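Dropping a structure here in structure tokens format, bear with me for questions.
As written, the chain order gives the labels A, B, C and D, with residue 1 at the start of each chain.
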Amino acid sequence: MRTDNLPPSAGPIDLCGVELAGPILNASGTFDAIAARRAFGDAVLERFPFHAFVSKTVTLEPRAGNPPPRLWEAPAGLLNSIGLPNRGLEGFLRHDLPRLAELPAPLVVSVMGFDGNELERLVGTVGARPEVALIELNFSCPNVETGLEMGAEPAEAARAVAGVRALTDTPLLVKLSPSASDPPAVAAAAADAGADGIVLINTLRATALDPRTRRPWLGGGGGGLSGPAVRAVALGQVAGVAARVALPLIGMGGVASGAHAADLLAAGARAVAVGTESFRDPSAGYRIGDELAESLRRRSPPRPGASSE
Amino acid sequence: MSTDGAIAPPAEARTLAPFGRRRARVAAVEEQGAYRVLWACDPQGPPDPRPGQFYMLAAAASWGGGEGERPYLPRAFSHCRVVSEASGPRLGFMLDAVGPGTERLTDLRPGEDLWLVGPLGLGFRAPARGRALLVGGGIGAAPILALADELGPTATVLLGFRSVAHAGVSSLFIAEPRLATDDGSAGRHALVTDLLHDELDHDPAATVFACGPPPMLEAVRALCATRGVEAQLALESGMACGYGACFGCVVPTRSGFVRLCLDGPVLDAAELETLLFAGAGH
Amino acid sequence: MRTDNLPPSAGPIDLCGVELAGPILNASGTFDAIAARRAFGDAVLERFPFHAFVSKTVTLEPRAGNPPPRLWEAPAGLLNSIGLPNRGLEGFLRHDLPRLAELPAPLVVSVMGFDGNELERLVGTVGARPEVALIELNFSCPNVETGLEMGAEPAEAARAVAGVRALTDTPLLVKLSPSASDPPAVAAAAADAGADGIVLINTLRATALDPRTRRPWLGGGGGGLSGPAVRAVALGQVAGVAARVALPLIGMGGVASGAHAADLLAAGARAVAVGTESFRDPSAGYRIGDELAESLRRRSPPRPGASSE
Amino acid sequence: MSTDGAIAPPAEARTLAPFGRRRARVAAVEEQGAYRVLWACDPQGPPDPRPGQFYMLAAAASWGGGEGERPYLPRAFSHCRVVSEASGPRLGFMLDAVGPGTERLTDLRPGEDLWLVGPLGLGFRAPARGRALLVGGGIGAAPILALADELGPTATVLLGFRSVAHAGVSSLFIAEPRLATDDGSAGRHALVTDLLHDELDHDPAATVFACGPPPMLEAVRALCATRGVEAQLALESGMACGYGACFGCVVPTRSGFVRLCLDGPVLDAAELETLLFAGAGH
């Protein structure tokens, strides 16, 4: 497979049995490859910024998303209340999937079900599609039946994974909620229930008020914090989960340089996702992959005969 | 609901942007009354961005640490003029310093660098028929200047400002625009929509191109709707990415929320019920 | 009582039955009034930056704190791993308390016990001292018996509060851990067990790696994130807890201006604490109190005859 | 363990700082080889900070948004010289640009403002007896210059630098200092501790005052210990507040951890077991 149109890397990696040309992914919901092609043309495909592409989260039914305003700029970060706008499973399969299958990197599809039944239909259907290399279960939402957040409570996470594990052979990644008392316990529960990998962190629950009215600024009320502001929190949670579970981890949260990616790998992540930084630089993933490969090359012991400056 | 630009016309008024952000050297910063015009050299960029398209800008150094420890994200600005030079296009941006981002950008000195992405979004589409009536309110004059440069003297330009201090940018227009100010300190003591009213009385077949604050755009929309006049409106909304990645900039249209950075910022007035939706203008 | 040496305020407030000249406190562990007098002299007392002073957390036994390095600068924030250095209860009563009693503002003493027994001795002893207006229970630590974090688990918080409630009439403030799946539930449990007020947020669990070695930078391993980076998270947690419990709340997290303090009050806080910002400006509390009073004055309806700009 | 300066001498070498941060206008920024000297006007500050004390500095504008979205906290700098003017003291700071904070400060232009707190900490104490031997390594020359200004020509100054490029600041000393460089490009091809060695051979009764990187200070400490020579060492450690509020800057001493910003940065060599503790220098 051609890889000269992907970010440079220190070599391929194995992510739950799927080979990727390198460790850089996009964070779900932070890069719309279809929209990017409208804005930048096929240049996007010639210098694709990620070694694997993660879709925006797909829900069973179509969603318009939250009313504006949806964004608030925080110190060294971003607060968003997007509300998971998407075409729903049907629309995704018909409209988005064919276009995403054209991308030069393996496809990860992120799904969210508001109850076990929805999750079954999503995983069953998406898992049956050959274009889909991995499925990411976005657990940062309350289970409408129990009211408890799937990604924050070990028992909820275990039940949700167990309910869909048998429905597909496609590897299942579980994306945790960072607003958990004990993320490693949630990760361990998901692992025991059959998850193939763990993804973290999602945005931190947060709020902003309108400076003029002191009422909630975001149309959706509360929002999620991302960007450099959460970098140290992400690094801490990745290290904590890596110490507890042996599954491959995809780490993210405020990654803006190869050094930040190297930190997450050193903390125990197998791969790294770039989110908010892509808003500042559409090809950030490419630059970060390049910087990471460069730094790894510098760290690795010099090959015989090669000099080590 | 549309999330992929279903409402975008077949022939999009879009010049593609190079992929990724690039450095652009600041060539000059001109005072224009209450506003400033920032000139940036963009040798790697296209020479022909469409009027109404925009760029995401950030200072290459010290982009942060201002009021509220901001800015962090780049900021959206319509180019107000393109000057083609041997070294490539030189882009003009009209700046109104309203917060930490615009303040940092107005502090830039010649020789310092910008990060730049663009041109982005859909610009104005050439008038299908009749005369072009260009209407700008306040800093909304920026894309109107770019469009006036393209259409030349055949187009009529109407500009409204708070006061003469803000009207300084009208001197940048080649063909003398008609002026209105809220306080009568320059041009007519009226709203720019009053000027538009009179123009449409004389020429009901004109096409309107407008940019300005939400209340002004809403008045333009309502007026054109009652007169059955075609109008293209350049909107604003708070943006994080500028290229459709974050879904943060949506505005409500008759076909649902659309990402203003991808399917706008120029929208057909007919697509809009109102310009005064929650979060309008940011 | 003299108040012209305290920050301007829009009027006194009642905090669990204690009257304060205004709503600005320091966050525990972010202002050492005794050290400040050595650096700045008695000017500190003439323009004291807080309407009430909160001590650094006191433990039963003396603690040297964590080995250096203890600090890491994060984007718009600070990561610290101080490790609660303090003289222990005995040393505090003998050395610190007399000096803190000289301050021109009511005294809040923060205590942390690593088990119920320690907590009882701390609260019993400190609560018996007339110089102490309020006691703050720092629950951001694991209970050594159960291993569960007192401030993150409703049951733990309830048990800890219930164990000491009867030992003193001094109002008890409970400082929650922000790393909880459901902070409002923890606050509600503490309230039911007899807490008089809730304090939030403490620092967010986080980590930094040495850029050269990629090993943990902080001598203590992990650390806690504070400053503007956590502001939106704090505002969200304060709003969430205010919606659930009726007790007075002391809100903190990234407060650096009167506007940030006004946000927390609008979100439901009774008082606001200034922490990391005092590191950037020793008299930040005074400035913030001034800005807040000014903005409240502007918002409040003009008194008859008075003009309203 | 001491957390309140138990080891601070009865008569502290401390000039009190005004409470709170204050603005200081940048008067000039001078290139001095690899380093820069930043001059700031501090009309509200005391005219007599002790050599070895320090100030917390931050740029008043755009303090942030640099590498890694930093700086956020102010940075600690020893004044290297005080010039008293009619308008008040003018403070000199010697800057080595090693990261986002020092880079931002070295970019400041005359007329721009600093936030400043200080003078802070304990400075050098006048030599109890004998001759003063001042030893500076690299940017550690800063407080040594301030002390040399105070003691005058009776003191002997020994400076060590990486190379001639860094040695530029030695020209600021009124009495010609003895020089050593790691590469021999200026002065003796030696370590500054070699110079100290020779000086102590001639004058075992001298008192040593030193500032520099941890390995140099450790060599000075060890040498003075074996010679039974009294030494005052100015250390560095990572600081957030500079006035004892955060407990972040502690260094290990024979009496436990002490806050370097409160009980230092100048410490008696006798109080220290080693200068090469974890986190030394930051």
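Note that contacts are C-beta pairs under 8 Å (C-beta built on N, C-alpha and C of every residue); 3 or more make two chains touch, one makes a residue touch a chain.
Quantities reported herein were computed from a predicted structural model and do not represent experimental measurements.
Note on connectivity: the fewest chain-to-chain touch steps from chain A to chain C number 1.
Chain centres computed from CA atoms place B at the largest separation from chain C. One finds 34 Å separating the Cα centroids of chain A and chain B. Centre-to-centre separation between chain A and chain D, using Cα means, comes to 47 Å. Within chain C, contacts with two or more other chains are made by residues 74-77, 227-228. For chain D, residues that reach two or more other chains under the stated contact definition are 64, 68-69, 71-72. Across the complex, chain B meets chain A through its residues 1, 3-5, 12, 14, 16-21, 58, 64, 68-74, 115, 117, 120, 237-252, 256-257, 259, 262, 277-279, 282.
Every residue of chain D that touches chain B in the complex is listed here, in rising order: 59, 61-66, 69, 71-72, 104, 107. Interface of chain C with chain A (complex): residues 72, 74-77, 79, 149, 152-153, 179-182, 204-209, 211, 214-215, 222-223, 225, 227-233, 235-237, 239-240, 254, 259, 262-263, 266-267. For chain A in complex with chain B, the touching residues are 29-32, 34-36, 38-41, 43-44, 47, 56, 62, 64-65, 67-71, 73-78, 80, 82, 85-87, 95, 219, 227-228, 276, 278-283, 286-287.
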